[in-house]
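Next come the structures, one after another.
There are two complexes below, and they share subunit A, which is joined by subunit B in the first and by subunit C in the second.
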Partner chain A sequence: MNRKKLVGLERTHTRTCRIMLIPAFILCFAFVIIPLIDVVRYSFTDWDGIQPQMAFVGFENYRNLPQMEGFKDMLVATFTFAIGMTVITILVSFITALALDKKGRGRMPRNLVRALWFIPSLLSGTVVGILWHIMYNYHNGVVNTVLKTVGLKSVNWLETYVVTNIAIIVAAAWVQIGMCIIIFMAGLQGISADIYEAATIDGATDRQQLWSITVPMMAPSITINVITTTIGAFKAYELPYFISKGMPGYTTLLLTGRISFYAFKAGKYGYGSALAVILVLIIALFSLLELLILRKREDIYG
Partner chain B sequence: MKKLLAVLLSAAMILGLAACASQPAAPAATEAATTAAATEAPAAEAEKVTLELYCVKTENLEAWQELERRFEALYPNVDIELITLEFSSGSSEFITARIAADDLPDVLQVSQGGVTSQLLDAGKIEDLKRFKAADSIPQVYKDLLTYSDGTLFGLAQGAAFATMYYNMDILEKAGWTTIPTNWDELIQCCKDVKEKTDAAPIVTSGQHGTLLYFTPELIAAHVCGLGQNEYEEQFRAGKFDWTAYPEIEQRLEEIQPYFITGAASMVEDDIATMMADGAAAMALAGNWTAASVCDATAEAAGGMDKVKASLPPFNKAGEATWASVAPEDGFGITKDAKRSPAEQEALETFYEWLYLPENFRCIQNSSGSVPVLTTFTDDQIVLPEPIVPVVAPMNAAPSILMGFNIWTTEYNDAAKTVLLDWISGNATAKQVVDTMWEAEQKYPKNK
Partner chain C sequence: MNEKKKVTPAVIIEEFILFIFTIVILSPVLYMLLGAFKKRSDIVKHPFQLTKEMFILENFPKAVKNMNFWKALTYTAIITVVSLLIVIIVSSIAGFAIARAKGRLFSAFYGATVSIMVIPFISCLIPCIAQATRLNIYNTLWGCIAYEAAWNIPMAVFLYTGFMRALPGELQDAAYIDGCSTFKVYSTVFLPLLAPVTATTAIRCGVGMWNDYILAKCMLNHVKYPTLMVAIYAFFGDRVNEYGLAFAGIILASLPMIIIYIALQKYFIKGIVAGAVKG
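Moving on to the complex of A and B:
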């Protein structure tokens, strides 16, 4: 094939790719970019969300944020939830994926266990929130029933400081773990058995193999899981809300819950939009940081 | 081949998008076709009309469905679409979203403050003074659902008041053969129940704001020595100082230990569940759930004769008992310039029909509300047995408006949060009064 023909093919290929991207671009522009621009615009106004009139108020909404009821608690709750959920999800799903990946050990029906872990991620946040709210019920919830059965005292899961934070993190991790397991297992299956075989011949212990082969080679999967879980945690609204309704105090009320409150209940759409902009910035910053750190690891081991 | 496939796929996607984009035009085309068909059809055939009715989902849902069936049978050309959402499941978000879409339900449940105020400010609700139905509602309830600009925006569906329900079986085990009649007796009764039985003294629902406010507002009514409407006036002016009355704090401290553990996270339905389980001796709830709470209490107590109800006895011995009252949310009509004359006519017919006593009794009797229609005859009202003796004292009692009638959304948020913390033992009574007073000054625009 001569060079001219190759260049022509290349151009055609590029043009086709561009055409194929148009629908996705239109959808993204209409349903992501334009609303995002609107949210930023509203955050500089006093719009109530209903009337057509709105006045430009500059940075007033942003300046007033620290005066908001429970602002500090909300920030702590949001970061605690995001970090706690990410840590628990990644650790548990990684360990579970490792256990499920061990071929020929024990009689554990792998697919069944994998399916059981995955089912929660198919449920909507609202359903899971209500489910765990019922499970955490002080009087007849299944969690306290189990505690009482083994001779322990009932815990007021939904109204106790710190305990409620743990309760919502556990429930949220329960949903996310299944998806992470699938990604980790795909990563694990991509590691060649030859590497482990060579390491075994060289006398490497299981622990050494885990830290020197498995973990480094799983870096891309870890990156994906950490970033998607963190973003999901920052965006979570219905699940924590339906479990604890922000109680006790404002300590489980996340940023998303506050956005909803100001935009849809208090008639302060502009204020809610300012909070939404802050959330977008936090997510972008966290994702960037995680990408930088984890990509560095990928580069080292990749 | 690849090129052809790519072009075909792109064309398919663009066509798909185009098809999506052209969807909104479809109803207009259909409408035009329908209009054309209607012109050709015999004049006697009435235009098919769909009316949307939105109400908060409560235990009277079946009554609403019954009314829907009856009206549609009477007017076959009108289709009533009933939209119900639970109070805690985004009902205000639903209305806000429909406002944004300029697609409000034709008839909707309205209340004081909140989204209703925003609707009124935006001029989206009709003034109901011209409707005959308004003549059958007592002026006091019309006043409560009249906006500051004079618009009568809703007709009340009943009168709500705070009610204390008693499981006499548990009270008897605690040594009480009669119900407590004042604050000191109530506290003593709670103490006895806690010490002598396995049940918790009082159950209430923290997640139902109205029920949560009963305690502080009734305490305020009984200890501040204010006259009728004085608390409301001071509160609206941002001058009701919760910290100026030490007895409010003292009473909050006294009663807190007697609420059932977990009350803060309970929803309204949990009250009936706890009473049915015999887990609590008394329930501080609304009269609007009288049917379910009384049935549940009777189940645990061994019969309806073991169920009693009264106004919450927060009064001092020998002094009057105050009632915490409110018109239960009313129903209003939205303004819509796009509504056709036939739709408007059907809407007005439905609204007048709804408030006829023979129809409205379905709603009235399904919840145990105190009737507000002056046109009701005695035989049309069926109240749960234990509630009957409470109606007369309620009507005669001095009354304080339920919190949600005057508390704004942001005040409500601050007050509710600290009250939930107090009821679950995480905040002191002092923190409650301090926060409520601070919030009252911080959010002064109380309606």
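Moving on to the complex of A and C:
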């Protein structure tokens, strides 16, 4: 094949590939990008969602955000939820993945355990919300029944700000752990056994091996799990909302819960859109920050 | 090989802790599973027991009737299957192009796709409803499918691109030398290799579509086009008293995804390994 023909082939290939992007582009542009532009547009108006006309109000919606009732509670709850859920999920799933990975040791079939741990991840936020709402019930819930059986006092799970937030975090971590374990186990299987063998010959203890081989080698899977879990936490709507219903008052509504509140109950589309823009900015900043920090660590350890 | 048979106290303790952990994680599922076959009073008094005297079956037929199960199942299945087909076709083609062509356009497209993945649907809910009303697709199945598909494409493109980048480039070169067109390379050389990543996409996106509440709730009238999650919340979400009934409804609505997951688990994990960890 001569050079001219090859260059021509390459060019047709690139052209066909460009065409292959078009369907994805059209769908995403029409139904994701345009609404995203619209939400920014609406956030500068006083639209109520019903009347066709809307007035431009500049940054008024944004300026009024801090004056919202319970604004601080909402922000604290949202960030605590995201950070708390990520920390618990990553720790539990990393330790479990390590325990499950010990090749050939133990009696329990690994694939079965992994599949069982994944079941909560298959349930919807709605289902998990309803289930845990029942489980946290003060008089009839199973959580308090178990506490009483082991001799502890019942806890009022869904009626105080701090405890309710913790209750939501536990339920959300319960869902996410299975997914993270699968990714961690995949990462662990990618580490060659030779490295450990060499380290053992050199006299490295188990703990040294964990911190200087396993953790650095797992950096890519840690990055992906941390980022997807935080993003998932900021995005979560049904699960926290259906467990707490915002109780007490509206204080435990997270940012997502507030958006739907202003859109559907209060009829303040403009105001709700300003909140939505803030949510997108928070997620974008947070994931970028995490990516920068974690990628840097990946580079150090290679 | 010798190590395999060695059972030290440390291993036994580790196994025991793992076993306890697994029981703790599974206990809510167990509680729900047992509860679906009991009366409310038995669920409250004996959460983790199921004796012959407690056993009842009537929660299931009652839940089926209350939440209009068969109609909701049909609509949920239609929305999920059609959206998923669109997502798989569109994203595998785009993923192939990104993984197998050089140029700024493709890396920019990939970057944009990955950035879109972080946007929560709920933040665009208001404009989506306004747009659907403008386009006359509000309260239609196609409207719901369009948004469901579009919002899942970024994740699927990400998975497919990662998977196809990991495939050897010689595959494609050989096919070109044989005189194949680009599309033919995609359809005859790459498509047959995509089973694992398609399983991953089907589970990750499909479970999301099946479990979707907010889009179906806002886009569709729940009497005309009920979906499972909307029906569950409508009947068992607020001030639920019949725990057993709610559990039966939840199990019926979640079982299809669990069965599909078990069937596809082997491929799903292969696809995760290639797509997420290396990509």
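Here is the rule we go by: the second predicted complex is superposed on the first by the 285 of 302 C-alpha atoms of A that agree within 3 Å, B and C clash if a C-alpha of one lies under 4 Å from a C-alpha of the other, contacts with A are read in each partner's own complex, and residues count from 1 in each chain.
Basically, a contact is a pair of C-beta atoms (placed from the backbone, for glycine too) under 8 Å apart; a residue touches a chain by one contact, two chains touch by 3 or more.
From a predicted model like this one, the values you see are computed outputs, not experimental measurements.
Student: Report for A:Ile119: first if it touches subunit B alone, second if subunit C alone, otherwise both or neither.
Tutor: A:Ile119 contacts subunit C only, not subunit B.
Student: Considering only touches as defined above, state whether A:Thr252 meets subunit B (first), subunit C (second), both or neither.
Tutor: A:Thr252: touches no partner chain.
Student: Quick one: is A:Thr86 in contact with subunit B, with subunit C, with both, or with neither? Answer first, second, both or neither.
Tutor: After superposition on chain A, A:Thr86 lies in contact with neither partner.
Student: Given the touch rule stated above, what does A:Thr229 touch, subunit B (first), subunit C (second), both, or neither?
Tutor: neither
Student: Given the touch rule stated above, what does A:Thr214 touch, subunit B (first), subunit C (second), both, or neither?
Tutor: Neither: A:Thr214 stays clear of subunit B and subunit C.
Student: After the superposition on A, what does A:Gly49 contact: first (subunit B), second (subunit C), both or neither?
Tutor: Both partners, subunit B and subunit C.
Student: Could you say whether A:Thr16 touches subunit B, subunit C, both of them, or neither, answering first, second, both or neither?
Tutor: Touch status of A:Thr16: both partners.
Student: Quick one: subunit B or subunit C, who's touching more of subunit A?
Tutor: Residues of subunit A touched, subunit B against subunit C: more for C.
Student: Classify the contacts of A:Gly267 with the two partner chains as first (subunit B alone), second (subunit C alone), both, or neither.
Tutor: The answer is first: A:Gly267 touches subunit B but not subunit C.
Student: Look at A:Tyr161 in the shared chain and tell me whether it touches subunit B only, subunit C only, both, or neither; answer first, second, both or neither.
Tutor: Once the two structures are laid over each other on A, A:Tyr161 reaches subunit B alone.
Student: Per the definitions at the top, what is the overlap between the subunit A residues touching subunit B and those touching subunit C?
Tutor: 12, 16, 20, 23, 49, 133, 140, 260, 264
Student: Where on subunit A is subunit B touching in the complex?
Tutor: By the definition above, subunit A touches subunit B via 12, 16, 19-20, 22-23, 26, 48-51, 69-70, 133, 137-140, 156, 158-161, 244-250, 260-261, 264-267.
Student: Any idea which subunit C residues touch subunit A in the complex?
Tutor: Listed in rising order, the residues of subunit C that touch subunit A are 3-4, 11, 14-15, 17-19, 21-22, 25-26, 28-29, 31-32, 43-44, 47, 86, 89-91, 93-94, 96-98, 100-103, 105-106, 109, 113, 115-128, 130-131, 146-147, 149-151, 153-154, 157, 176-177, 181-183, 186, 207, 210-214, 218, 229, 232-233, 236-237, 240, 243, 246-247, 250, 253-254, 257-258, 261-262, 265, 269, 272-273, 276-277.
Student: Which residues of subunit B touch subunit A in the complex?
Tutor: 2-3, 6-7, 9-10, 13-14, 16-17, 92-93, 96, 99-100, 114-115, 117-119, 121-122, 207, 261-262, 264-265, 274, 277, 279, 409-410, 413-414, 417-418, 420-421, 424, 426-427, 439
Student: Contact residues on subunit A for subunit C in the complex?
Tutor: 1, 9, 12-14, 16-18, 20-21, 23-25, 27-28, 30-36, 38-39, 42, 49, 96, 99-100, 102, 104-108, 111, 113, 115-120, 122-127, 129-135, 140, 142, 145-146, 174, 177, 182-183, 186-187, 189-190, 220-221, 224, 231, 234-235, 237-238, 242, 256, 259-260, 263-264, 269, 272-273, 276-277, 279-280, 283-284, 287
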